[in-house]
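For reference, the structure discussed in these notes is given below.
Letters are used for the chains, namely A, B and C, taken in the order the chains are written, and counting of residues starts over at 1 for each.
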Amino acid sequence: MTATLAVEGLKVAIGAANVLRGVSLDVQPGEVRGLVGESGAGKSMLGRAVLGLLPANTSVTAGRIAFEGRDLLAMAEAERRSLLGRRIALIPQDPMTSLNPVKRIGRQIGNLLRHHLGLSKRAALARTTELLAEVAIHDPQRVLALYPHEISGGMRQRVLIAMAFACDPALVIADEPTTALDVTVQRQVLQLVERLRLRHGSAVLFVTHDLGVVAKICRSMTVLHAGRVLEEGETTNVLVRPRHAYTRALLAATPRADRPAEALRPVPPDLIDQLWSEAYRLDQVPAVGAA
Amino acid sequence: MRSGELIRRLVLVPPTLFGVAVIVFVLLRVVPGDPIAMMIPPGASEADIGRLRALYGLDQPILQQFATWLGQVASGDFGRSISVRQNVLELLLARLPATIELALLATMTAVVIGVVAALVGILLRGRRAEWVVDGGIGVLLAIPDFLWALILLLLFGVLIPLLPISGRIDPEIDLNLRSNFFLIESILTGHFDIAFALLHHMILPALALALPFAALVARLLKASLAESEDQDYAQIARARGYSRPNILLHEVFPNALIPTVALGGVQVTLLLGGTVLVERIFSYEGIGNMAIDAVINRDFPLIQGLVLTFAVLFIALNLLVDLMVTMLDPRLRHG
Amino acid sequence: MADIAIASLAAPPSRLLAGLRRGGPRLWIGTVLVALLVLAAIFVPVFAPHDPLEQDLMSAQLPPAWMTGGDHAYLLGTDSLGRCVLSRLTYSARTAVMVALIAATLAALIGVALGLFAGSFGGWVDQSISRLIDVWMAFPPVLLSIVLATVIGAGLTSVIAAIVVIDWTRFARVIRAETMVQLTRDYAAAAQVIGLSRARLLRLEILPNLVPLLVTLLAVEMGIAILVEVILSFVGISVAGDTPTWGSMIAEGRQIVYQAPWIMALPIACIITSVIGLNLFGDGLRLALDPVQRS
């Protein structure tokens, strides 16, 4: 079976500095994979690379990103664009800034449907109403006619989730979609993602720094540090028997309901030093196959 | 704009106009030149001069002159022009449409040129050619409208004589129109030959007014487009598979328009002020050209009427810009 | 490492040179154009081939010397009264430079004084000066300058007065804002801690930091002053009729533009060169004087 997403030896550099140093990772059809790591580990950069959203001075220097067996980096611009938003979708991090402030909600969703699915205006409207109902918005007719600033942050994130699943994507990249929301809303959003991915049969790459979230909804996970994969496997295995000291440290820093709160233990500095010097050493080694 | 805000702005209009009236009136009374001296034939008797003074109310104390004039203006009577010897209101109504049409044409031309330049500039963002667009905008902006008028007059009126350089329309053309909005009326009534002849005369002055304003629009819009394109919603639109031109036009442009209209709209007043000289240069029969004659001839009633007219236009423009910004930005509409 | 060594070798020996380098081509082109203008204004009587008022009706409307029908005695031709266009252009430059220098300096003096006042005192002083600026700027400048010049009467003084009365706001507004910014900086607070009086603080600490901005404003204002003088003399309410000015030359040229277009074209070219030169000069100086600014 072809993997929905197969990233192989991906290297991404900002100017001369490497942020991803040869990352490989698979997402199988219907799988929910957590991608965890602290800030700066490169987890968001990976999502951006898949979506073709790398910042201006940033570039892929090596590796392959295959979607359903086809290399996204090698394909023609038009072909890639026809996949984005339709077969590969994004749930963005900040719902406050991710909707166009001067367009009504209904129009933003409707445009997407008409652009990718070629629906008529009327069909798009009907589908939009369904989608909003699917993300538990009770009065879709009213919300359709509202502007983003007229609805709450949680509601905006639900709209964005509806847009992500609008065209039955094979892969949804969720880029820390709960970070900007408060805790009660976070739970609703997670439940929604879970429900919609089941209904639409999508695989999800869930980028987060929150191991609690991963434990809740991801079957498998990948731990990223300093641009490299430290550990990966079934979520239960990784969380119960972390093989790497860094994962243990991350785990210890995650608050849990089933044990009393303890003092926040930072990742040991010597471990960080060790990881970084290792990363630096790897940087110096020429990539395999490079002249 | 909330209706409360709109009412507040409207309430402020009369006192503003009153302030303008006071300043202009006082300013004009300290002018050393005597308007009557300019209109009397040589050898007129003292009695004749006295009669003329009385006719125009110039023999009254200043305060009384002001009160009289204000009362008349309030009832729609702007007095009689001293140099042209006609009713000021009639003169204004006859000439104002010419200026409004010119300013409208210039504004539309400027918006078209400015928007195209900004879009081309933003599409070339980060490339070497972006420099060319920025440089062109800089040159257009550095040279003021009346210099453009002179340059265009020389280039396309004299060196390559493509277009007429004076007047509003050829005198031999039979207009037979009901209003003084020649261009608008001829287009609406389907007299396209007349409209064409009018446009022929208006292209150069309108272009002269439009060029610096177009540069301003281009510069403002390009900066706002660049800023909006870096926002999350525009980035995310890329991740939804929209092409860059599509995103610029449909996602970014409506947002970038808001600051551009807010900042640039007010500058239309500059364009309107520019009509004074540009009309003079092209002997175009609008109120700007008339204003210069009125000042040179010390024609008090006419100057007062003209300045009030300009003030009303400026205030109306500012209100219009605020309304447009409110229409463009849903965040300002409610609440 | 090698790069650093080369860079330090190539580094200019003095701050002045470093500044000039930062100014870039704008500064050079601007300086050359402005220098030409000023030199022309100063040395007119030396090299102007004719008296600008001397009429020679026998050789009226001559084209420039290199065109057919041109006369070598009149390098740039003659106007409708047979006056030497070159001489009139250079004498006009003298008028323009005088107006620009005096008017811009006076406007700057008034504007800077009021701006510093408003910016450093705040409170009701700032309130009243700011309101005054607002009301002032509400008037259309072209109309205001024409009305003013008429009110004050014809002549160089009235042109200068009109420019000063209209344009002091340009300086006041910017200097006020910049003074407020500078006063919030740490160095201003430090100066107050060591007990500098407000007047000394302004003179010793704030004013030097405003110099780059002021120089730019001055250059731009001179360009504007030249334009206003052109407008007023074009309309015919500037200096007395017999003094040559670019504006009056344009107005005369406009009458015979079909027969002798060069009479109108030449002063226009002079104006554009001067205004663009002053703009580039101001921009370049700002870059050169401001140690923080990088082009």
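Everything that follows uses one rule, which is that contacts are C-beta pairs under 8 Å (C-beta built on N, C-alpha and C of every residue); 3 or more make two chains touch, one makes a residue touch a chain.
This is a predicted model, so every value here is computed, not measured.
The count of contacting C-beta pairs peaks for the chain pair B-C. Using mean Cα coordinates as chain centres, the one most removed from subunit C is A. Chain nearest the geometric middle of the protein is B, using mean C-alpha positions.
Between subunit A and subunit B, the centres computed from C-alpha atoms are 53 Å apart. Centroid to centroid, with C-alpha atoms defining each point, subunit A and subunit C lie 58 Å apart. We define each chain's centre as the mean of its Cα atoms; on that basis subunit B and subunit C are separated by 26 Å. Every residue of subunit B that touches subunit A in the complex is listed here, in rising order: 126, 231-233, 235-243, 250-251, 254-255, 258, 328-331, 334. Of all residues in subunit C, only 135, 138, 140-143, 146-148, 150-151, 153, 227, 231, 234-237, 250, 254, 257-258, 261, 264-265, 268, 271-272, 275-276, 279 touch subunit B in the complex they form. Contact residues on subunit B toward subunit C in their complex (touch as defined above): 19, 24, 27-28, 30-33, 139, 142-144, 146-147, 150-151, 153-154, 157-159, 165, 269-270, 272-274, 276-277, 280-281, 291-292, 295-296, 298, 303, 307, 310, 314. Against subunit B, the residues of subunit A that register as touching in their complex are 51-53, 56, 80-86, 89-90, 92, 94, 97-103, 111-112, 115-116, 147, 149-150, 163.
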